[in-house]
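Each structure below is given as structure tokens.
Both complexes below contain chain A, partnered by chain B and then by chain C.
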Partner chain A sequence: MSEVDQKLISEISEMLSGLNKAGIEITADTDFNADLNVDSVAVMDFVLMVEDKYDISIPINLLSEVSTVGQFAQVVAKARVD
Partner chain B sequence: MDLFDKFQPLKEAYAALTAGGGDPFGVAFDNILSPTIGLIGDREIVLAGTNNYLGLTFDEAVISAAKNALEKFGTGTTGSRIANGTFGPHRLLEQEMAAHYGMSSALVFTTGYQANLSVVAGLAQKGDQVFIDADCHASIYDACQLSGAEIIRFAHNDPSSLDRRLSRSDSNHSNKLVIVEGLYSMFGDIAPIDEFVEVKNRHKAYLMVDEAHSFGGFGKQGLGVAEDCGVLKEADFLVGTFSKSLAGIGGFAVSDHPDFDLLRVAARAYMFTASSSAASIEVTRAALKIISDRPSLRKNLWENAHRLHAGLKSVGFELMADPSPIVAADLGDPMRAAKAWNVLLQSGVYVNLAIPPGTPNSKSLLRCSVSAAHTSEQIDFIVDCFAKVAQLD
Partner chain C sequence: MEALDYAAAGETGFSFYTPRGDLSGTLTFGQLRERSLDLAQRLVGAGLKKGDRVAMIAESTPDFFVFFYGCQYAGLVPVPLPFPMHLGGKEAYIAQLSRMMQSARAAAAVSSAELVDYLRQASAGLQTPMVGTHADFYRLPESKTPLPRITEDDICYIQYSSGSTRFPHGIAASHKSVTANCSGILNHGVKARHGDRCVSWLPLYHDMGLVGCCLSPTYAQMSTDFIATPDFARRPLIWLKVLSENKGTISFSPTFGYDICLRRAARARSDEFDLSAWRVAGIGAEMVRADILARFAETFEPSGFNSKAFLASYGLAESTLAVTFSEIDTGIEVDAIVKRDYSLTGRARPGQPANDALEVRPFAFCGKILPNHELAIRDNEGNDLADRLIGRVYVRGPSVMNGYFGDPAATKRVLSKTGWLDTGDMGYTVNGNLVITGRGKDLIIYNGRNIWPQDIEWAVEGLEGLRRGDAAAFSVEDQDGAEEVIVVVQCRATDKDTREQLEREIAAQTRLIAGADCKVVLAQPRSLPMTSSGKLSRTAAKANYLAGHYSPQSTSVALRTASSATISAMARD
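Right, the complex of A and B next:
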């Protein structure tokens, strides 16, 4: 994984602190549902926060393919380029 | 491997929820005595979760309209609107609904869910963008998915959040449809439609307002929150249901767009389902007339809403919004909410249990809907029963 991706994952991890109730270490492989016990509505609410931080739009159509923090970071990275 | 394996977590959650006795999602009333009283076995239950806002389901004129239609048109239509399922009453209701709103076109659908499916998935397609309030109803989410359009969600009741998202899309040339509701069904909070109108006008987007829970209860003529905010004519599409204030089953959409009627041959959820029975349509026509003729119903509704809101607050509940015909109390977690729901039903009050992921902000709620037909005594009884719940751990 590139340095930029690592930086993005680290920023996303920081933003996830409110949802990380068990205080687990967040990596690219962390699964929103299985590891963080976050339901789909809470994930969509988290997306709102990420959109405004990076001034991007993330259509929720793209979230059906997202399970892990790493997959989400890829969606964010693509939206920043677009 | 079994097709139902994926539902195991749901099965476990459902079992835990129903372990306390009743099934909050499977209540069956053996008889309904009035808009506000139902029977389970021989026990009378005060109905405080039925969205029967104006209490017209037992109105003499409404019942008589249904009986006459049954005699005249038979039980079902046995067909879709585009085949044999359009009867005179469907056309008359569409004309009356359009006239009621002062708009050029109205379409009648079989349910409110299908109204949203038809309008959203009919209007928006691949290449378009829909911007939806985060707390929109499941039917709107489903409709957006079905449309194939790009779905962008904005923070609930936050015009600036919509503004930012529309700004990011200003440079692309896709059609943009903004979707909000008038009154939100879970928390009972009201949308600032006038502020949304200002934003959508600035970005040249279309606005659809779902008035499912607000039709009948808001605005001088009872047309909903857009009317109440003074921006009725600036909403491009208004959608609603017959199954709440209008005492029937079905849905509608109205618009001044000159091509709106094209949805009759473009919207699959309109074209490929059986139409509402003539009895249900005649019920709705009768109820629509009553709503026009009897503004006192709205006065009763709001007096009851304020009474229930103040009552629940006085016995210690944290409520999710200012007074409205939907009063939702925060119970903290799903199991406590389920336990409280059981105590209420055993005490003689039916409300809705609403828990995550079906609720915004992962809230666990006891959700009440107020009716114009509730008596003050019934409202006080509901509050007394909630007071018992407040004592629970």
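Right, the complex of A and C next:
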């Protein structure tokens, strides 16, 4: 994993802290659904927060392919390039 | 189709917005007609025959409308399909598309370039010869093949909002029923007038989005603004932004849409919106919740919102869209009835909300039946019930569907030979004014979306350590009518970690398959009730749950076979 990705993942992890009720350690492999167990409205809030922070729009079809924090970071990285 | 020919003569049309609520494009009715006719010639020239189904992902873009109306001119039947909404939901989504396309026996399938790979994966193994992007179809050769003649009994579109995702039932709406319903919506419902402007964030694969906010406006030459549903889900306040900037007069939503705006209202400036032109704020697709609407009205009153703009309605896709509308300019009217009476005797006796000794529950009036349609409330034996007696709601009239596509057995279960549609909903009338009290069928409505409990149960039972018959999904309502999804699962494991892990997996699975948050309840093995024929009784499971039989503290044993008294009480509740 490149340095940029690692930085992005730690930024995303920080933004996720509000959703991390169980206080687990967030890594690239953390699964939003199975590990964080966040509800659907909270997920939308989180996506919105990320979009606003980086001033990007994340296409919905890409979100449906995201299960883990690492995959989410890749989608964010791609949206920032586009 | 004739409606579009009419609309095309005017200056009006559809507008589209970016995820942040800025105008991204327009399509006048004239342009829509021209592009649809051009496409229709190409589709017919490519060999598609009258009545063939064309599956299309219902993205809120100009292309969707060109394809929807292109099919109308070509005598083809559009089948609007959902788009992916949930984080990580890709696999379940593709499986869902595939089953719908199979059920509709689609001859062609089309989507934007972003989603076409999903469509291709979904059509693998199906007899769908033509799958492509909008651009692929626009590139089909021109042709001079004459367009077929359409009659009012031909199918206008097929809508998949009924039946589980595993066994979807496509509702076949005829041109006659669509015309009848749109006329009822415009004349009896919103009482359309010159200069009206509609704003919609509703999905176009759902009847309220498609019929209410796309087909009806066409009949009235009414300009309409479209916000994509996923964009609304992320930034609900763009709905109010577009309404403000365009002086929108008509907009519909389930209660959920008003609720989510309310939750985000703290982020808005008080002078940000001007909702003073909004004369019809319609509510439909789920229970009308007076408490939330009152808070919405209060919060947005400084923005010019008038609570009299609320228009309660009731409907279902099996009757095209609308069945009843309340009167415009009156707001929400509620009937507070005594809880004890309606649960014991099925009688909706008005109570005094001020008197705490009587436990009353408010229900919203949903208004009167459309002209040329009939409404009946019946008991379990099929007898008509008088005013203020709660029973099953039946509808008859020109808006009622011909049937479920290719599924006469399913059609027969809900549609009688004499044309009466069993809505599956429970309610009563007061001088013809309908009140919906609940559902007599096992259906969960979550944020305005219909979810079949079987879908959740099947998905959960596929988890490791669980078997067929281990899960029961249903929804319970609180005092104010908010629905919570409950999943009761028989669990053999006894150690805490395994049980907690299972709970998380069940919640995750429910979110993936149904996009719904739920409360997971682990129950003892063999504690889910069965009917006499050995099928799960969700009604009895719900009664057990409400009686506290599944709570960890409970020492009582859940009733394996719920008593008939419990079941009949539940059916009325």
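In this text, the second predicted complex is superposed on the first by the 80 of 82 C-alpha atoms of A that agree within 3 Å, B and C clash if a C-alpha of one lies under 4 Å from a C-alpha of the other, contacts with A are read in each partner's own complex, and residues count from 1 in each chain.
Just so we're on the same page, contacts are C-beta pairs under 8 Å (C-beta built on N, C-alpha and C of every residue); 3 or more make two chains touch, one makes a residue touch a chain.
Keep in mind that this is a model prediction, so the values were computed, not measured.
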Touching partner for A:24 - first (chain B), second (chain C), both, neither: neither
Chain B versus chain C as contact partner of A:15, first or second or both or neither: neither
First (chain B), second (chain C), both or neither touched by A:48: both
First, second, both or neither for A:40, with chain B first and chain C second: both
Touching partner for A:67 - first (chain B), second (chain C), both, neither: second
Of chain C and chain B, partner touching more chain A residues: C
Chain B versus chain C as contact partner of A:59, first or second or both or neither: both
Chain C-contacting residues of chain A that also contact chain B: 39-41, 44, 47-48, 51, 57, 59-61
Chain A residues within the chain B interface of the complex: 39-42, 44-45, 47-48, 51-52, 55-61
Chain B residues within the chain A interface of the complex: 134, 145, 150-155, 161, 164-165, 168-169, 356-357, 360-362
Touching residues (chain side chain A, partner chain C) in the complex: 31-35, 37, 39-41, 43-44, 47-48, 51, 57, 59-61, 63-67
Chain C residues touching chain A - in the complex, by the definition given at the top: 19, 83-90, 93, 114-115, 118, 230, 233-235, 260, 263, 504-505, 507-508, 511-512, 515-517
